[in-house]
Amino acid sequence: MTEGLVVWVMLAPLLGAVTALLGKLLRPLQRPLSILGTASLAVPAVILTLLLGPVMSGESLRYALGGWPEPYGISLVLDGISWFSCAITTVIAAAVALFSLGRRRYEAGYFFFLLIMVAGMYGVALTGDLFTLFVSFEVVAVTVYVLIAWEETDTGLAASYKYLILSTVGILFFLFGIFLVYRDLGVLSISLISRALAEAGGVRNTRFMHLALAFLCGGIGVRTAFIPFHTWLPEAHAYAPHPISAMLSGAMIKVSFFALVRVVLEFGGTYLFELLMWIGAVTALAAVLSALAQSDVKRLLAYHSISQLGYVLAVFGAGSALALTASFSHALNHALFKSLLFLTVGAAVSFTGHRNIHRIPPLGRTMPLFSAAFFAGALSISGIPPFNGFASKGLITTGMEGSAAYPLLWVTSFLTIASFIKLSRIFLPGPRRAGTTPSSGNSNQGSVPGILQTSVVTVLAILCLGTGMFGGSMAHGLYRIIHGTAPDAIPRLFSAKKLLGVLPAVLLGTAAFVGVSTQWGRQIAGRIRRMAPELRTVLLFFFVGLLVFAVVAY
Amino acid sequence: MDVRTRWAAVRFTITFLSLLGGWLLFTWSLDVGSVLAGIASSLLVSALTYSFFIDETEAGRRAHLPRVHVFLLFVCLLVFNMYVASFRVLWKIVKGDINPRVVHFRTRLKTDIARVALTSSITLTPGTITLDLTEDHLIVHWLDAQTTHSRYAGELIKGMYEKLLKRVWL
Amino acid sequence: MLVYAMYFLVISILVSMARVVIGPTVADRMVGLNLVTAQTLALLVVISVSKERLILLDVALVYDIFGFVGILVMTRYFSGRRGEL
Amino acid sequence: MKSGHLLTVLEVALLLLTALFLLQALQGPHPESSDVRGYLVENGSHETGALNLVTAIYLGYRAFDTMGEIVVLLVAVTGVIYFAASRERKDEEDHDS
Amino acid sequence: MTWILICAIFVVGLWGITHQANMVKKVMGLSIANSAIILLFVYYGSLSGTTAPIEGSGDPMVDPLPQALMLTAIVVAVCVMSLALVIVYRLYQRFGTLDIRGVERGAWKLND
Amino acid sequence: MKKTTILDLVSRKLAPFMLLFGLYLLSYGHMSPGGGFQGGVVIASGVILLFVAQGVGTTASLFPFRTLSLVEAAAFLLLLAAGLAGLAAGAGFLGNPMAGVDVRAVPRVSMILVYNVLIGLKVGAGISFVCMYLFREGR
Amino acid sequence: MNVAALVFLVLGAVFNIMGNLGVLIFPDVYTRLQASSTCSTTSVLSFFIGCMLIAGWGPMTGRLLVITIFFFITNPIAAHIIARFARQTGIVPWRQSFRKDPESGEQDG
Amino acid sequence: MVEVLLALMVVNSILALQIRDMLAAVLLLGAFSLLSCLVFFLMNAPDVALTEAAVGTGVGTVVLIWIVYKTERRDEA
């Protein structure tokens, strides 16, 4: 019976989406129907809560769609990883949907796309079949193309086009990988592939499976946006509507990352761990450097998304069971605080109508709750106790103990602090501003966030704080969800040594901020800022990354 | 039941019957399921499209229902002419002497369908192609023009077709 | 017998694609495409008959329909614009 | 335009390298039979009732993929209409305000 | 030989995506590369039989599974293509050009 | 806006047969090549032929935009409902509710037939909607 | 029956070759269209008839008949449409000698 | 036989991407699609051939024609 519930996780948002579509067709019922559609997100939440028990005891629930058994039909699989990724999706999607409901500008069509996207992400998380993974990726992607360009700004459309080309090329290589898998193993179900590979003696003993794995990784890599596949992300995340930015940063790249984890683990691609670790570390550092140079607030946040994903990837590359927990925990925390940051900063942007960090006046007195929430997010991402960034960064430190890539991450952490000192300028207390200031012709300017939006942001801030305070037990629970057993030892979170370790990072961060503020620092920042790559270069990056993945196996 | 309704019913019936005929010809089976599916789909399609399958303003039975025996004769003549003309064109291709001209002339046919049949058959047969048809005015590209005089050219090109078509469709 | 017809038609498609490739104007390419469509139709029919599978003939009909509709749409929306090639 | 040439050279080199990898993968062995295929050919039409095995898989065994595809189509249609219609929408808004 | 040709089509498509500056041409490149992938699957499937996968003749049938997969892939590809073209149309309306370089120059004017 | 007599007449006579052929493809999808999607596209091609020859206005009076989009959404809902019917019959989502019954009156293939018809309706409505909408200001 | 089918197939092949040749060597669009529309229609028709003769009386004939009819309707129409397109885009018909001919003076539609 | 058609497709695709006239490019892409449909048919995949004919030559061409109609016919790049 419990297996039967799994399919409803996907089905509920799909039905909700159709409800919203009907709302689009029947004009007068638009508002209630879109609320009804959004309410369908409660179903997956309830189901996931119900299924937490079996997942924690290490079961993996398999649901054969249409009653066809595995090698012939498609199965939905709910194990620890997919439960976790579904949970992240649900939380972020609910927050984003409520936030969007609070703004009258989004009509029913928007909710249709949003809910289909959520359904597609559940599909990516749940499916146990490579080709269904492809289809789910495409469902997500098609909605994302529309949603990025939803407000039809010049930049939004261009970003959408860029993402479309890049991710379609990625998915072509993904299909090629599927072809190789099907040719050599004759099955498409991921668990059976894993079994067949184990019989053959691992990926490296087959002639082509490592190539297939490289292509699959390249395809998913575009969605996950680590270097060198990251180039679409800054534009797409920066110029999408604000709730969509939160959704993309918070949930979508995470879900793709979990798909990557699943593929790599099931293929037994342990030889990729070192590469992934280094890629992650380099990603974290390079992205945070670019972020420090940005003056557009949302671009800055977008680069931070890449950087934090670098953390997640690097610690996943460390390979131990604890490292996996650390990686997942950081993914969760990042989802929470990054969507919080995007929502608050997005509210500031739509309030003032400016995107430049130096043009936005200090809003601390105008939007007190929002600025409090923003500071919660900023402290989280900087890794200041007791917020959740501290908790997961502590886990990461433990997970990557003794690895050569760790110094890069450490440098990243204080650069993160520096860039957030730079960003917090916009939420410092300043003169109070009136609710509507029609200065330039921008129509979406001066909208004061409503009660629903404020409460969403508050709840997210409280979640950031809560997951930080109870970081130890969170990590414990996560370990059980992922591995199905209780951990041997989770290191203590709030030890004096770690607490003291924050101090030099803060100091160095402040120093870095001061350094960036100097004339010389600004020049360099300007130079980095102008390095926005063209589409052609972006595609070359993609091929380089693909070839790196392919070559590493030899 | 006024005239329009009756005419609509007639049109519907004609559409339905021709669609059903097409279906039967295509599936070539008289299974109950197949025929039922055919009837259902023909009903659906004809309900949707009968209003323009036969135009409302086009009156007269003879405008739509061909005389079958004359029509068959026409088709036979057309096919025969096609082969003959193709040999002629073939010969011209081999020899390479062509004298293309554009000629204009008029047709005496009254109904649209007959005119379209005429242009189609002109296109199909000898080295002639219809460039345009407006009302009864035809513009034809002639591969090996023997004359440029409108009437003679028209007679040469139209040949037997017009007379036969006149008997088929008016 | 039909096998030879098949080979013949493939070669003939190859030859008539030359017009599509070299055609100086778009209309020339369309002539070539029309010819290719007709010959491909014949090829599909010949293959279906030689395999004696009735069901394969559906493909031929769909092929015909879409060749026609494609050319129709192409010509329809560009016929008024003169001076652009 | 110097960098443009350099980019083109790089492009061609990378593409050729990728092509090499693809070719290398494609020259591999071609396994003769697999269990899944055998099962599908054997039982497919009997289990789903469809004589056309492609349909049997497309709408029987793998109907879920098909549903995903239909969702993609729905999204694409709605998105195309959304973008194609937006000029009218803008005009309406202008009239309203 | 067939593999090489299919691979060549794929690479031509990729080359079109990377090298062409025209946005519509890029989308055409996507379509071509996608066709190559479909050819790949179908060709592999066709190696294992001599007759279409429809019951009714005794010969060994080709592998039906890749064909079923490719039906989905074709539809997805055309959906992506039409969406891409509509976005191109909007971009053209905004920037008055189909050249990706012009569009990017216009779009990524960083507002500082 | 010049009407060509030839095109006008041929589209009138040919389009119904194309629609019929589309219906044939989608109702015979289980035993011959074709199926819902292909049948739907053929139906859409009939509509395309109509509006190319007759102008979008005439065609839209026959297939109104609103009806088409409603048909599309409704067909999708019905498809989900058909999937849920399988769930209700205990065969799983998108399963065949007739699998366990296996009576002679209701052949096993009927579920695929239902899917095909629904998909065909959805695709036909959707694609003709899109094409008509794109060319709505056309010549 | 087989001999008749063979005759038709050979006939089709001959027409086909000539049609191709015509399309390749003729000087302008209209003349190429002549070769394409007449010869290829005839050749494809011959192929169809040959196939019908081989297939014999049965369901295949019906379907082949439908295809033939459809082809017969669409191919001349397609040729006509192309010719009209060529004319409206302003392609002047090729002439062997450049005598002024009053009948073909106008090219506009 | 298939090889010949595939080689033709390669030529076609290169030309479709290289040619300056966008309408001709669309036409060549249509021809590419028709040829690939034929190839699928030769590979005993009538279903895929049907879909490719319907999608590549039908819907794809229509949408591409629309974009060329709405934008520019000449590729200046």
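As written, the chains take the letters A, B, C, D, E, F, G and H, and residue 1 is the first residue of each chain.
The working rule: contacts are C-beta pairs under 8 Å (C-beta built on N, C-alpha and C of every residue); 3 or more make two chains touch, one makes a residue touch a chain.
As the structure is a computational prediction, the values presented were derived from the model and not from experiment.
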Shared touch partners for subunit D + subunit G come out as F
The chains touching both subunit A and subunit D are E, F
Expressed in whole Å, how far the mean CA point of subunit A lies from that of subunit B is 63
Per the C-alpha means, the centres of subunit C and subunit F lie apart by a whole-Å value of 26
Chain centres from averaged Cα atoms put subunit A and subunit F apart, in whole Å, by 38
So, in whole Å, the Cα centroid of subunit A is separated from that of subunit E by 28
Expected list for subunit F, residues touching two or more other chains, is 4, 6-7, 10, 17, 21, 25, 31-35, 37-38, 42, 45, 48, 69, 76, 93-94, 96, 127, 130, 134-135, 138
Note: subunit D residues in touch with at least two other chains are 11, 15, 18, 22, 30, 36-37, 40, 51-52, 54-56, 58, 60, 62-66, 68-69, 72-76, 79-80, 83-84, 86
Subunit C touches at least 2 other chains through residues 26, 30, 32, 52, 54-56, 58-59, 61-62, 65-67, 69, 72-74, 76-78, 80-81, 85
As the complex stands, subunit F meets subunit G at residues 2, 4, 6-7, 10, 14, 17
Subunit A contacts subunit F in the complex at 4, 7, 11, 14-15, 18, 21-22, 25, 63-68
Subunit C partner, complex, touching residues on subunit E are 51-52, 54, 56-57
Subunit G contacts subunit B in the complex at 11, 14-15, 18, 21-22, 25-26, 30-31, 33-35, 37-39, 41-42, 45, 58-59, 61-63, 65-66, 72-73, 75-77, 79-80, 83-84, 87, 93-96, 101-104, 109
The answer for subunit A against subunit D in the complex is residues 14, 21, 65-66, 68, 71-74, 109, 112-113, 116, 119-120, 123, 131-132, 135-136, 138-139, 142-143, 145-146, 149, 152, 176, 180, 183-184, 186-187, 207-208, 211-212, 536-537, 540, 543-544, 546-547, 550
